[in-house]
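The following pair of complexes shares a single chain, chain A, combined with chain B in the former and chain C in the latter.
And then the complex of A and B:
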């Protein structure tokens, strides 16, 4: 008889929504309180946070819009006002929101944010340049560009670390000081990092429960819990959240409660690429009935997987080191770095198959995916599939195509087990 | 109760294959899917049963595949068309390692290991360029019956490039080529080659490994099959009825489940 799989929902994850809603509500009303507002892309918003600016992060806003179901209508405004539908949906989302406000087009009020005093434009990909360019050209927003090159060879890291560190010290800090009209608050940056270190340490303890067989939670649960190590950075509520989550996971393990009922997963999957913020539920409904769960991924592992390296006493230095030192966060975008990281994850989390999510409007992680599947198949004998879609744009999602690919992956795993 | 049935409900056509206990093909059926997949599947099963002189009560297992696999009410199980095409192809040609399947709205290349298992596959994404539907639109633009298109290819004596990947834009391109005075046969050859170029990219992603079978309705177009074979540098194996390879694979899996 076929097993009827069902998600065992975590209780703690219900507590994230009020935290997230408060963050965005505070941001929406920041200007009314005379506070400065920054928007940010790349790992740069900590400098704005340190200055007490209310800050919104590009992917975080996109995740939020996906969560409140506002993505599609805002994307449509962007297209209506001149953005091409094939361009980065994060970019379109922000342009759409800005244009909706400027032109008085009705959109979900929760999706409306104040335009920033400064765009802290960390550039990890070409689209991020265009995003900042669009804000500057269309809305006259001041842009602070920061180049964050990928590390292809670890021997280049010290040189690139120096390049990025000098940008932080010589460009970023003086600019935020000028915009805010006060000296940079190194103490606040240290406080933020102290909280981040605690949150990420707890989060890593939670990651251990991905390793159990059956697993106690899924990557999707972590996806909805990501804000405390992301745009809620520095908020002590994140510590309390992860303490409760850890407690619940420990309890699950003791009581033998798996992430999916009745007896846990049949397929343990790795997820590559961005999380499909607007379609987490849709994908969950494609995984769960087949007994499949995602447990780890390259993008979700970008959020400070080595908290032991965070040194709050040297805030700017440690920030550079996380990305261009031992933290190696930018190395994981390079061909070798990608394979190294995924290999580690396959081994640590006993992965059966790879789902390479190939976003149609952001190719930064997609370019190497077919080659990566090939290399890892040869190394570990596990199959992978490429699933086309998008982070938030429903026009780029095709249910039947996704289902066939995922089911074919399960069949390949079964075939190799026989 | 050793009779096994495989039903492949595709976007354009529904195919059914009936096997006896010795895995011999007793009958098959191919019909247009129309808009009511559930009805098409049942009708196709009944047609094939009638041809074989069997009743539904004689059947041990029905396995569904294809995009409409979820709509087959009498199916005992479902398997994707990826696995089914691989099984059907290796049954027809035991030394096959690559399947090129081009159906109504779907094209895929499947890599098969020495043990007959799927090792890798790629499919077209949401765009239907280079599929059966694409050929239908092109035949209409050329004002020829789709069956004639393959023969037209061989009457070509000049290279004409159809570069657009979008079906609608390719149709405009064909009209523009007519306006430039190009011959129907040369344009037909250009269309076949445009499909071949697209397929070659997919074959490259999976990795070409001989022997190579071409399946699906488009395999009946000799011009396209020739163009693909030329581009990938190998002769393609084509079954007598290339449209039933997926349904055959489904029937083989069904027979294993009895």
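And then the complex of A and C:
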């Protein structure tokens, strides 16, 4: 008889929405309080936070827009005002929001942000540069651009670290000082990192509950809990959130409550690429009835998986080292780094199969996915499939394609088990 | 002149065969450089044959097992050529992985499936503020030079590098002269011939190409042509990294337009800006890369507007319209295009955009757009 799988929802994750709403509401009203506002792409907002600026984060805003169901209408404005549908949907969301404000087009007010005093544009992927350039050309936003290459080969890492560190010291810090009219607040940056270290440590303890069989929670639960380890960085509410989450997970383990009822998962999956923010529910409905859950992924593991490396005493240096030193955070964007990271995750989380999400408009995590599947299949005998889609844009999502690929994955896992 | 044009047409009809033959004749190794910004003077100075990687002439087949269909034409075509073994004559490959995300696809695929004897990844920076950008560009170029020295086992002296730069500068100057003559007498060459002339420079040894250009220019200078005053002058813009289908160029001309100048990569953008020979050669190569014009959307430049540059080129050539050619799935160009278009609208410029794909199923849609365009700007 077929097993009827059903998600056991966590209680603590309900607490994230008010935190996130407050963050964006504070940002929306910052100018009314005379506060400086920044926008940021890539891991750069910490410099604005250290100066007391209210700051947006490109992917965070996009995830929020997707989460509140505003993505489609904002994307429509972008298309109507000239953006081409094949460009990054995060880019289009920001252009659409800016154009909606500039032209008085009615969109969900929660999706509207104040134009910033400074755009801190980390060019982690080249398209972040296009986005900052577009904002500058269209809305005359002042841009502080920083080039943040992802590391293809670890032997390149030291010189890239030096390149990025010099930009922090010689360009970023002097510019935010000029915009804010005060010296850079290294102490505040240290405080933010101290809180981040605590939150990420607690988060890692929660990750242990992905390892249990059956697992106690899913990657999607963690996906909605990312903000405290990233753009809510420095907010002590993040500590309280992860303490409660850890407590709930411990309780689940003690009581034998799995992530999905009745008895836990049949397939333990790895998820590659961005989380499909606007379609988390859609994907969940494709996994759960088959007894499949995602447990780990490259993007969700981007947020300081090694908190022990965070050194709040040396804030700028440690920030460079996390991305270009032992932390290796940008290396994981390259195919070699991807293979290294997924290998660790397959071993740590007892993974049965790989779902490689390939975004049609953001290629940063798509690079060489077919090759990565091949390498890992040879190494671990684990199958993988590529699922095409987008983080936000519904025009890029095909239900039939997703279902067909996932069915193929389940069949491959089953056949290898036999 | 006709003889040179025929020779160039033959060479560009089969770049694979030409480069493989060149390697055999010169007994030198071939290094493929992914377009658009790799300073191949350094490869030339290492006594190797640098060639700019091109979009092939066949539909993508095996390549789709390695890259998604929503990568641009040259990405898919190059990967396809590589995994099908069509690029066996390339001993080495160089990729500037910061140019666009798709350029980041190559090194891993090549390592696994092609295994070139030499492979180098460059991280040339965006043209952002601060001394650090120039310093880092020089660091990258020094590393590139060192890697070539290790590959060949021979040092690249500053003298050798300066000689190569001189040869490349001469090529740029000769190509500029071809364009000057074309601006004076646009009827003298077909647009496809001009593209073939520039494209051939990308995979011929520059010394050989310089000889051809010298002969060509003599012929062009001597030749008189009847001005075709009823033709409408237009400037094509864009088509980054790759050749435009010659059929599209023919179509533009068949519809009563003529191209006195262009802003195409396999066109005027390729030979723009000489390398200054005063001082350190690597510093000079870095400075050429760091030049903001012609505006390239892969370089992170917004102090100069691409639209202004295109409009200037249009006005300088008494042209009446601009045709943007966007390679399908080229994010740098696609992201820039809305602002380019706004600029055209603001300045009242006749402009149209056509999307170019590697696999053209039908030219009818492009023809209809171009026909409407030429009718609007007065071609009927």
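One rule holds in what follows: the second predicted complex is superposed on the first by the 418 of 418 C-alpha atoms of A that agree within 3 Å, B and C clash if a C-alpha of one lies under 4 Å from a C-alpha of the other, contacts with A are read in each partner's own complex, and residues count from 1 in each chain.
Please note the rule applied: a residue touches a chain if its C-beta (ideal position, glycine included) is under 8 Å from a C-beta of that chain, and two chains touch if they have at least 3 such contacts.
Model, not experiment: these values are computed from the prediction.
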Contacts of A:411 with chain B and chain C, given as first, second, both or neither: first
Chain B or chain C, by number of chain A residues touched: C
First (chain B), second (chain C), both or neither touched by A:373: first
Contacts of A:7 with chain B and chain C, given as first, second, both or neither: neither
Partner chain in contact with A:398 - chain B first, chain C second, else both or neither: first
First (chain B), second (chain C), both or neither touched by A:240: neither
Partner chain(s) touched by A:383 [first = chain B, second = chain C, both, neither]: first
Which of chain B and chain C A:309 touches, first, second, both or neither: neither
Which of chain B and chain C A:126 touches, first, second, both or neither: second
Those residues of chain A which chain B touches in one complex and chain C touches in the other: 360, 370, 374, 386, 388
Residues of chain A touching chain C in the complex: 81-84, 86-88, 91, 95, 123, 125-127, 129-131, 133-134, 136-138, 143, 145-147, 149-150, 152-153, 156, 159-160, 163, 166-167, 170-171, 334-336, 358, 360, 363-364, 366-368, 370-371, 374-375, 386, 388
Chain C - residues contacting chain A, complex: 65-68, 70-71, 97-102, 104-105, 107-109, 112, 121, 123, 125-126, 128-133, 135-136, 139, 143, 297-298, 300-302, 305, 326, 328-329, 331-332, 334-339, 341-342
For the chain A and chain B complex, residues of the former touching the latter: 360, 370, 373-374, 377, 383, 385-386, 388, 396, 398, 400-401, 404-405, 407-408, 411-412, 415-416
Contact set on chain B toward chain A in their complex: 67, 79-83, 117-123, 125-126, 205, 207
